[in-house]
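Each structure below is given as structure tokens.
Note that subunit A is present in both complexes that follow, paired respectively with subunit B and with subunit C.
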Partner chain A sequence: MQQNEQEFIRILRTRLEGTLPKEELDDILSDYSEHFSIGKTNGRTDEELWKSLGSPEDVAREIRVMHLVKKAEDNRSCTNIVHAVVATLGLGLFNLVFVLVPFILLVVMLAVIFLVGVMITFGGVTGVIWSLLQIAGISAYSIWYSPLAGIFISIGMTTTGLLVIIGNYYLGRFFYHVCIRYLKWNIRVITGTESAS
Partner chain B sequence: MNIQFKKGVLEICVLSVLAHKDCYGYELVSEISKRIDISEGTIYPLLHRLKDEGYVTTYLQESAGGPPRKYYRLTESGRKEEHEQKEEWMRFAASVNALLEGKNNAAE
Partner chain C sequence: MKPESTRDNDPLAAVSASISRLTITRVILWLVAISIVSYITGFAILALSGGFSPGPEPVASPFNRTAFRSANTSSFPLDGASSGEVRIILGAGDLTVHGGAQQDNLMETTVYSASPLMQPDYAVSMNGSAKRVVMTETGHKKKDWVFAHSPESWDNTWDVNLNNAVPFALTVNSGAGDCDILLGNTNLTTLAVNTGAGDTTIDLGDYHGGPFSAVIHNGVGDLTLRVRKESNTRIRLHQGVGDTDASGLAQTDEHYTTAGFNPTLPVNEIAITQGVGSVELEAV
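For the complex of A and B:
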């Protein structure tokens, strides 16, 4: 493979097409071709310039991660955050442990809390219906000491369940924010490619 | 030198060079790689991030006998950020140096 400007730009383009919007990609590519052309007027060769830039695959990976994290920050969605996390994993083995594992734990935790909330709410609603049936005399089978107390307890349960779900939603939003902050810090400090020289 | 060291300080280096003068990409990269051995390719993504964050802007300027070059300039908030990060770094570096040189804290 020839280590020249065209090849460098070609690899960057192939790796980033589809991820970055066209204008942004063109803007980035123009930076690198400007770098090559000024470097060459200064008497450096294509190979030297390539070597000091670092491999285009690594450069592309870095740009890709930055873009995806930014996207996840600007547009909050499950898909975007998952894309950002997955892209960060490509930056190094380190991130498998320090990004993927905590991320999965958080997702599982949020899912469990959500399920618990749903179950409590469901139990509460069932309790209210049951107690009403009892008061109406349709159901003789009593689960509460008094159907009226049953209604209050059940309403309490429903409210608690709903509060758990709402709280979980805010907890999720909070973790999303923390996750983005962490990924940004991670890109800035932890992961990176060693200089070629 | 350790890659984490370098990567962590790259941002303040870029901001600091731009605080002295507006630079085109190649110029900025050369300024930095003259002193710090780093993959030059990673400076451009950093510049894009700084632009996204509103710390730098770009403009095109004609060059003598060549196509116009893209110059990077610090914005007001970029200047503020540079100032803050510099202060922070100076304090941090002073503390680390003091520790490494084994100065006696009891004297203070």
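For the complex of A and C:
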């Protein structure tokens, strides 16, 4: 494989097409093309410039990760953050431990809190219904020591469950923000750049 | 004069405007307020309805502990007996004994249990004018009291009502579980309580029956004994490991007596041997 500007740009284009918008991709390719032009004006060869930039596959991978993290930051969604995390894994195997494992734990924790909230809410609603049935004299539903107290306690449970779900939503937003910052820091450490964006 | 706004005329618009003003902060504050008010009201009703006091079904939660267990009830008529002897032998489970049986019955029992092993056997006999009932846990015959039962079989509650008027001797042997003996309305001749592990409450605070003697052996767990402050009662306590708290009683060495205790009068004698756990003696 020849290590020249055309080949570098071709690989970069192939790797990034479909991920980046066309205008952004053209801008990036134009920057790299300009880098080659300036380098050659200064008397450097294509091979030297290629080596100084690193392999186009690695360059494409880094650009892709930065783009996806930026996209996740600008447009909050589960899909975007998952894409960003998965892309970050491509930067190094150790990210399986430093990115994937904490991310999975975080997702599991949020899912568990959400389920607990749903269960408390559901339990509260069920409790109200059972209290009413108990007041109606259906002995099979006599779970409450005092059905009137049961109604109030069940309402409390329902609202507590809703509060847990709402709290979980805000916790999710907070961790989303933390996750983005962590991914950016991770990229900075791996690529050795000051800014990921 | 200013024209009336649309909101004043249209209730739907008013509701819609109210909803649109509901920010998430307001929703959260409302939910917090509703939660607090609901819990306070609920638990207040529970407390007022006797949910937190010892009784036939002592509870520390708002749930009816016997809701999912079938009740098995039995009655034992006096059959003309003028006195009674009741023995209760429970391996594992919670026991409540109190007065309030129907006038013609020496004893009425309600057993809540998920396990057939926990259904008791009854032995009934007459000895002259005395009626004797022995209530024994079936499993107890075959197995050790404390360790024989799996935890799920502890889901076992015995509720025993005794006759208020007829004098009787009561013996309670309980292996593991809480034991509440509330005999304020009854007429005792003797009381013997042997418990293995669990908290025990013996309430004689309203006792107006004849003089009696009682022997209480409590293994591991707290013991609370209440006697009527006007009664002529003497308590001898052998304390093992644990604190002793006595209120309304005069102490002389290991003896506690009610105010104005007079040994020349008929005396309620109570002997307590406590293993591990605190003892609370109250004259109420």
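Everything that follows uses one rule, which is that the second predicted complex is superposed on the first by the 183 of 197 C-alpha atoms of A that agree within 3 Å, B and C clash if a C-alpha of one lies under 4 Å from a C-alpha of the other, contacts with A are read in each partner's own complex, and residues count from 1 in each chain.
Assume a contact is a pair of C-beta atoms (placed from the backbone, for glycine too) under 8 Å apart; a residue touches a chain by one contact, two chains touch by 3 or more.
Quick caveat: nothing in here was measured; it's all calculated off a predicted structure.
Once the two complexes are overlaid on the shared chain, A:Y145 sits against subunit C while remaining clear of subunit B.
Once the two complexes are laid over each other on the shared chain, residue contacts for A:G54 go to subunit B alone; subunit C is not touched.
By the touch criterion stated above, A:T41 is placed in contact with subunit B alone, subunit C being left untouched. Once the two structures are overlaid, the count of subunit A residues touched is higher for B than for its counterpart among subunit B and subunit C.
Of the two partner chains, subunit C is the only one that A:T160 touches; subunit B does not reach it.
Residue ranges on subunit C touching subunit A, taken from their complex, read 24, 27-28, 31-32, 34-36, 38-39, 41-43, 45-46, 49, 51, 57, 59, 61-64, 67-68.
Contacts from subunit A toward subunit B in the complex involve residues 27-28, 30-32, 34-35, 37-39, 41-42, 52-56, 58-59, 62-63, 66, 70, 188-190, 192-197. Residues 142-146, 148-156, 159-160, 162-163, 166 of subunit A touch subunit C in their complex. Residues of subunit B touching subunit A in their complex: 3-4, 6-8, 11, 24-26, 29, 33, 37-42, 44-45, 47-49, 52, 66-67, 69-70.
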